[in-house]
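Structures follow.
Below are two complexes that have chain A in common, paired first with chain B and then with chain C.
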Partner chain A sequence: MDEIYSKVVCRENQLNDLFNLFGDDNEPLPCSIFISGSMATGKTLCLQTVLNYLSYKHVFVDCIECYSSKIMFENILSALNDEDEDVKCENFMDFINCLNRLQNNYEPIVIVFDRVERLRNMDQNLLPVLLKLREFCKLNICTILVTHLIFENFNFKFGVREPIKLYFPNYNKEELFRIIFLYQKSFVQHLLNHFDIEDETTELIEKPELFANFLNAFLSVFYRPCRDLIELKHMARLNFIKYCEPIIKGEIQSNDLTKLWRHISPILKTSLELLYLRISDMRQFKPSPGKENSESLYAKEFCLEKTLKDELSSTKTFAQSFELPYFAKYLLIAAYLASYNPPKEDKRLFMKNHGKQRKQMRQIKAKAKINEKLSTQLGPKVFTLDRLLAIFYAILEDKIGLTSNLLAQIATLVELKLIAGSKEIDLDTAKYKCIVGYDFISAIAQTVGFNIRKYLYDFI
Partner chain B sequence: MESTVSVSKGVFLFPNGFQNSKTLSKKKTNLLFCKLFQEECWYLTYRKNWEAIKTKLNELNQRSYSVLLNDIVNYIKQFYGSEEAFMLEGIIPSATLLTGVSQPDHVSQFDALINIIKDEISPHVAIVNSQDSLSLKHIVENMVWQLIGNDLKNDEECDVLSTKHKLKKSQCTMKTLKTWYHSKYTNESTNKKKKSISTKTLVIVIPDFESFNCHLLQDFVMIISSYISSLPIVLVFGVATSVSALHKSFPYEVSSKLLIKVFHSHSSAVYMNQVLEDIFLTHTVPFHLSGKAFELLTDVFLFYDFSVKGLVQSIKYCMMDHFYGDNTKVLCCKREDLEEAILNLSPNDLESIRQLKSFRPYLEKQDCRTKISLFEDDQYFRDALYKELMKLHDYLYSFYLCVKLLSTLIKDIPNNLLGKTVREVYTKCATECITDTPSFKECMQLLSFQSQIKIVDTITGALKLLNSHLQSVSPIKPLQATPKKNNNNTDKVFAHRELGESFAKTVRVHLMTFLRQLENANTEASISTAMDTDTNDNVENVPGSRYKLKEKLLKATRVEKIQSEFEMIRCRFISYLEEMFAKGLQPPHTQTFHEIMFFSDISNVKKHIVGAPRGALHTALSDPAHYLQCSCCRLPSPESVAGTLPDVCLAYKLHRECGKHINLYDWLQAFAAVVKPGENDEQRHHDPIIQSRFTRAVAELQFLGFIKSSKRKTDHVMRLTW
Partner chain C sequence: MRGSMDTDPLAIQIKLVRKYIKLKLIEDNVLFRGHDQERNHVYELLRRTVLQGESHSALLIGPRSSGKTTLLNSVLHQLSRETDLENDAIIIQLNGLVHSDDKLALKAITAQMQLENTVGERVFGTFAENLSFLLSCIQTGVDRRCRSMVFILDQCDMFCHSGISQTLLYNLFDVTHSQTAPMCVIGVTNRLDIMELFEKRVKSRFSHRHIFIFPNEVNDDDRYDIISPLEGRKRLFVELLSLPLEGSVSPRKKRKSRKSIAKTDETACTSTVFAIPEHILKGKLDEQCLSTMDRAFVSDWNAHIRSLIENEKVIDALEKLCYYTVDEQTFRNVLFETISKLSPTKPNINVIDLTTAIDNAVAPEHRVKVLQSLSILELSLVIAMKHGMEIFDGQPMNFEMILHRYTKFANEHSSSQSVPRPVILKAFEHLQALEIVLPARTSDVGGAAGDASSSRVQKEYKLYTLAVPAEDLGRAVDTFKSLPTEICHWYSNSVV
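What follows is the complex of A and B.
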């Protein structure tokens, strides 16, 4: 028992609740339990440890996988069946029958439905039925629903049997510290796997105090933007290597905390920007013992990280990071213009001789426009193929024919998710929407030397 | 292969005797073409040329992909390797390959990837395309099916038992995969523990990430991640745009399940340049594109699709067009085969060669006697032809050499007008006599301003190129040692060769001497400048007066003149270059018999390569005679109408005169008036035949997308085009 509490820290209340619910062998299990809590709050972990400890027969069902109820039923049955044999189960009736056929002397059975929110849009009756599964069969069976959502989000109909509810709150900073600290060994092991280190330094690094110091520093930077345990663990793993780097090289003493802090804090700040991106920076090969070697590797890697970061952080570099054919660029620009200009202004914007009218219009509009939101900041509007092509030909200087290659480009843009719409080109019904932002389009326009502001209604 | 004479563009179904078994049907298709063309020698030549190009392309692909693919393979290998790495729970290692936007090219790349993975990592590879992934069910079933199915196929012989479980597609779930994998590997490894069979990674390739419905992929990733503890899976994503696409379509919840490593593949423009330079812009392939045609194809590439595959296919099309049905094109072959090809020509073929335009200027240069014998004596003409074609080969050799030399020389010149890549330079050189153009002269001038170091550098670069060029050609040399019949003739031919290999050799000698001289001049010049600066310093030490200053300036100008040793050589070098390029860069269309090896009929090909569906539709409807070639539909002007036209055309023409909304009744009347001009108004549109003809025409126009029924006004249709 103590072992459990030392393995799963900070969850004493929930573990106790679970033990109380499942408690004694001779009592029947509760009919159903509803567990909610956000990501990585240890729901699965707690359940698994408790059930394993009690050695109840149990199944974990991941509801995402169950795109048909048949798969779900068969998964459950084959896990409960002791013999290895193929089970066939088409519907709920079969399922109940099969359950009843199970040979067990009222031994406890627990079925855990993870990510149960997926079942909401499957079969109307499925969830209520699962909640009172025990009433349908002669087994000491308990269903546990695990989800991120709260119970009210399930919109159960009136009269459904209310399950027992358990809530797993988010961890706070101290708890996170304690949990991550549990994994100190694996962190160190990870480090040792990637470097060849002499024995003395290994000892230094293995000291828990060093890791505790690192973790304090780490959480002081990362706790604010990120509460997610898994991500924190991931980032900590990456940064711990960097933290230990000067110690391995012998540049900083392992007990010189201020120096280490000064070393790590800028690194932490930069890696903060890589949070949630999950771009692997893992070395492809283990660096050889030579120190210079690993150093140069680091330099390279740092550069790479930087460019990646740039690429990801700004849409402008995103636009420049891949090439589009020349006309595809113009098509995209035309699509953007069509999406963000009101159709009735087209004539004014794209015709050559609009001179006087424009001035008058401007004066009239001037007042109204102050209040009016910029349409570039409202979402894109839908446009038809005709309009797209008309604008395309208006902004393109050279005269080209309407060729199949050109039309194919529209499909390509749709495929690349730069334009939303149907891939088939149909004069009659095709409607499109440009789904790239202003930064992106202005970067594209720059590459072809096109002044997009001149043609945007908002900027005139 | 146009084995039909087609009136319109369309897909023609060749009855190739389709059989159920795939291999059989393939053979049949081959047979069909063989039967049709096998005796035609132009087809044989075409095929030989195309095969040569294809093998070269494959080699190139292999070379250019291999580095990238090896990187990926090494990356995948490191997971689930020997030392069971530290994996975090539920995190899927994944490689992201940024492929660039041209999707047709990806296929070959991923094929290569899959092959190399199969060879080096594990036989369990599944490729999940977006087309056959309509739902999660499809994705999972498809993937599992491939993973297990491939394996079953391999095992078929040795493992009779496993095949007994014939797998149904609906049974392919993750659970099946898991049990299959465990029965396959855990059992085996317990049996043969000592051999320690390392478990095989399961690789799932998703080549077109963007086309997927992202919710499906999210779910898919989640599923995989819940199995990652028991199945060693690696994902490979092909992303056309950039990594952000991945982050955009995966919320954090999903992307936290992935470990992403990004790989960049070549940009397709670079790849295209490589393909063109290595394969098509060389003298080794006998088929060449004229400047205009070449420009058209590269424009299609740059402006429209970025697809190298498309480019190669277009070139193939040009080749087919070039060779099709023309026996004289047999001469478009390698030097070694030329002699035989000429001998096999029939008198008719010879006659059509005499008709070639470029034969004219050649003829005019000859004296009367030769003229007559060229026309009368086939044997004499054959000899002459051989001589000229040999010359043409030599010309090609030095032409491409010069193109490449020129492009290396001017590569570093700031804002040069000829272009930076070989392909741009080629287009310029092939369309006009480049040495006469102002931009060439400007380039030479800019070249003459280069510093010593720079110029030495460029010459070394050029020399390197020259050497590799000379080396690459040596295998062809034996041809001189295989004289067959007109032995004496070949001697004569090689005697007055001024272009070709010997040209390259002389250029090399010249460049080498220039290089040496320039290097030497370099040191001398620097010494003299050093001396000068010394004296200058002295002057400066003396308290300055106006006179002194003037003297100093004078001296400085004189110093320039003294220094010009280097400049003199540089000047000579430049004029040598000009002279050499003038000789080597004559545009192809000045050469005799260039039609045989150069393809220039773009106007014909353009229609096919750059299809214009709407344009074609318009011509078809407004001037059906263009396609039908019947006499009844000839029209005095494109606007006029006649009753003999097909009904759709008539309806189309009439509708073009209407406004946005078309009254069906008026339209019918106009229609009837044209079809039956004689009868009186009332009757003719009551005629049920006319009415039904009209209805059908309208329906066809609607089908073609020109009109659409309108809800606003009854009996009206809306026009959709202008």
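What follows is the complex of A and C.
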């Protein structure tokens, strides 16, 4: 028992609840249990440990794998069946008959449905029957529904038998600390595998205090935007290597906490940008910049990774990485302007003599500011090829002819998924939409020295 | 903690108590309380069908877990003791949830009539043909005597949806009018508007016998008095949790128990009243087990239960439960949770356990808990969205608008760490996964934007509505642990 509590930390209450509900010694199980709680709060882990400890007959069904009820039924039946035989089961009636045939004593059976929110889109009668499966098959059977949604999100068309509801709260900061701290050994091992370190520094790194300090610093930055244990663990693993680097190199003493903090805090800030993105997945096996490896393959791969990371980390470099031709850039800008400006205002924005509308304009502008419904927030609008070309010629200083090359570049932009539209250019009916963001387009505009704000209706 | 103390007599007793009461809570679907009139009605119907070969049809209507199925079970149980039910009648139980179409229903009927071999590979044109064949089978049976049929259709409303023409219901009701076989059809449903669901031709064949069962309406010994829901719950509490005292009770003890019970429940005097019907116990609990229970312990336990309902806190909690729901299943779940907490170290029911179980059952506030489990960034987005919806009269918003509001706030408060845009987008997607924000339906957006292209809109510009009520959000913000004060202020400072 104690073993379980030490294995599954910070979930004592939940484990106790489960143990109590399941009871022991062929006690009747509850009809159904509904377990909810955010992602990565140990729902499945707790269930697995408890059921394994009690050694009840149980099945775990991941509803993501079961896109039809037939697959689900057959999975459950074959898992419950000791003998290897193919079970055919089309519907609930067969399922219940099979269950009754499989077993006729009062031995407890538990069926766990993980990610049960997936079943909402399937047959209407599926969940109501699962919730009262016990009534139908006269066995000591219990269905457990596990999901990250709450019970209210399951809008049953006709009511259901109320399950017993359990809620798994998120881990708080201290609990997260405790859990990640359990992985200290593996983190250190991971570090040692990829560096050649003298024994004395190894000792320094293996000190739990060092890791505790690191975790404190880490959580102070990461706890605010992210509470997902899996993600935090992943990021901690990546950053711990960087944290230990100056110690390995002998630049900072391992007990000089302020210096270490100063070293790590900018690194943590930058890696915050990569949260959830998992870009540096492959890079985690390599030393961070400054400690180049001699092997050329290593270095090459490393460079590739690095550029990819840099490109994705800022839109600006990402935009530049496309290396579009000069006219294509202008075309893209024109497309952006066409998407985010109302066609009515084209005359005013792009023509030199647009008449005297100043006064009226100011009123509209004032209205727009209050409204906050800027068109940059509402998303791009569709435009025709004619309009695109008109704006293109208006913003371009030098005059060029409308060649097939130019039109081919539009196709290229579509291929690159910078503009959405049909691939073949039908000059009469083609409609396009610019699907790049403002950051991207302003980076592009900068490279050609074009002030895009001047031509955006929202910003005038 | 558990299992090590098997030899301890108290531990064995407690285990037995736990098991017995759990069985009673979960498995006892025969013992029916109250509603004598309705029960007699159903009993009469079934008895006349079985013994005199009359045909009937009836609808049993009542809200969820008001005891409709239990009533039928108890009537059937009584009939099986009084008559030779097995040879006189065939009972066929169908459930609208399981037997979701006519083919399945026929299969189930065939199976329950044990006619699979007779039917074999025969192919039938219509449902009616098949049914009449089945009926003719039982008529030309071995003893040439017709057995009556009892059809129990649980979730009757589902049979109205399944077939377009409601074939099953039509045929069954039709047979009750023809003289082919004595048949009783009892539909069980929780929909009051069941009659509107019936087709005209089905309706005309139905006998229009409605039997309504409503909770809270306990008529006691023919004096039709309505006791308060709380009183009913208290009685049920004692009935469900008490243990049977077996055998001859010594007069001294009997007097004592009568005295104490008299205050709450007169019917509880007889000692076997709390027992589970025997046929349910079969195979699940040893008969001997129960007799090994210490009599003094049992009477102590019963006294403990009775003392509990005098407890003010328990009464308050039960009152709260009645205030929220009359659903008996919820009540049983609460008791189950409480009982399962019993252990050798805790041999009595803890009042706090009971009250927390009731609180969890009736007002779980899981939504508030979900909101509290969000990271601060995610909560800020929710608040930004709430403000935005306030300004625009609940119009749906897209990510860009929410981001705009959020950055405006974040720029004003330099103390909050700045977070890059991809991370914010990811946080927003997390909110989507938790269904705190839901995609707005295209019809809400208006004709212009609601065309086919709306499915191809980039994710930043998809429109969402907030799916949590403002009250829940407010409570979550109020009780959020270590929430930065500026966010608290931001929330409470109304924008409008």
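Keep this in mind: the second predicted complex is superposed on the first by the 277 of 460 C-alpha atoms of A that agree within 3 Å, B and C clash if a C-alpha of one lies under 4 Å from a C-alpha of the other, contacts with A are read in each partner's own complex, and residues count from 1 in each chain.
Here is the rule we go by: a residue touches a chain if its C-beta (ideal position, glycine included) is under 8 Å from a C-beta of that chain, and two chains touch if they have at least 3 such contacts.
Bear in mind the structure is a predicted one, so any value in this text is a computation, not a measurement.
In the superposition on chain A, A:R161 contacts chain C only, with no contact to chain B. Of the two partner chains, neither chain B nor chain C is touched by A:Q14.
After overlaying the two complexes on the shared chain, residue contacts for A:P225 are found with chain C alone; chain B is out of touch.
After overlaying the two complexes on the shared chain, residue contacts for A:N91 are found with chain C alone; chain B is out of touch. In the superposed model, A:D62 lies in contact with chain B only, and not with chain C. When the shared chain is aligned, chain B comes close enough to touch A:A408, but chain C does not. Look at A:Y276: by the touch rule set out above, it reaches both chain B and chain C. Contacts of A:F322 after superposition on the shared chain: chain B is touched, whereas chain C is not. In the three-chain superposition model, chain A touches both chain B and chain C at residues 39, 276-277. Taken in their complex, chain B has these residues touching chain A: 71, 74-75, 78, 83, 85-86, 88, 91, 93, 98, 100-101, 103, 135-137, 140, 173-175, 208, 210-211, 219, 222-223, 226, 240-245, 247, 249, 252-253, 255-256, 258-262, 267-269, 300-306, 610-615, 705-706, 708, 720-721. Those residues of chain A whose C-beta lies close enough to touch chain C in the complex are 1, 19-21, 23-31, 36-39, 41, 91-93, 96, 105-106, 123, 125, 128-129, 134-136, 140, 148-153, 158-159, 161-165, 167, 169-170, 172, 221, 223-227, 272-273, 275-277, 372-374, 376-380, 382, 420, 435, 437, 439.
Chain C contributes residues 1-3, 15, 18-19, 22-23, 25-27, 29, 64-65, 95, 97-100, 104, 107-108, 157-158, 190-191, 283-284, 327, 329-330, 333, 336-337, 340-341, 360-361, 364, 366-367, 369-370, 372-377, 391, 398, 400-401, 404, 417, 419-423, 426-427, 433-435, 453, 456-458, 460-461, 481 to its touches with chain A in the complex. Across the complex, chain B is touched by residues 39, 62, 64-65, 67-68, 71, 74-75, 78, 115, 186, 189-190, 193, 228, 230-231, 233-234, 237, 276-280, 282, 284-285, 308, 311-312, 315, 318, 321-328, 386, 401-409, 412, 415-418, 426-428 of chain A.
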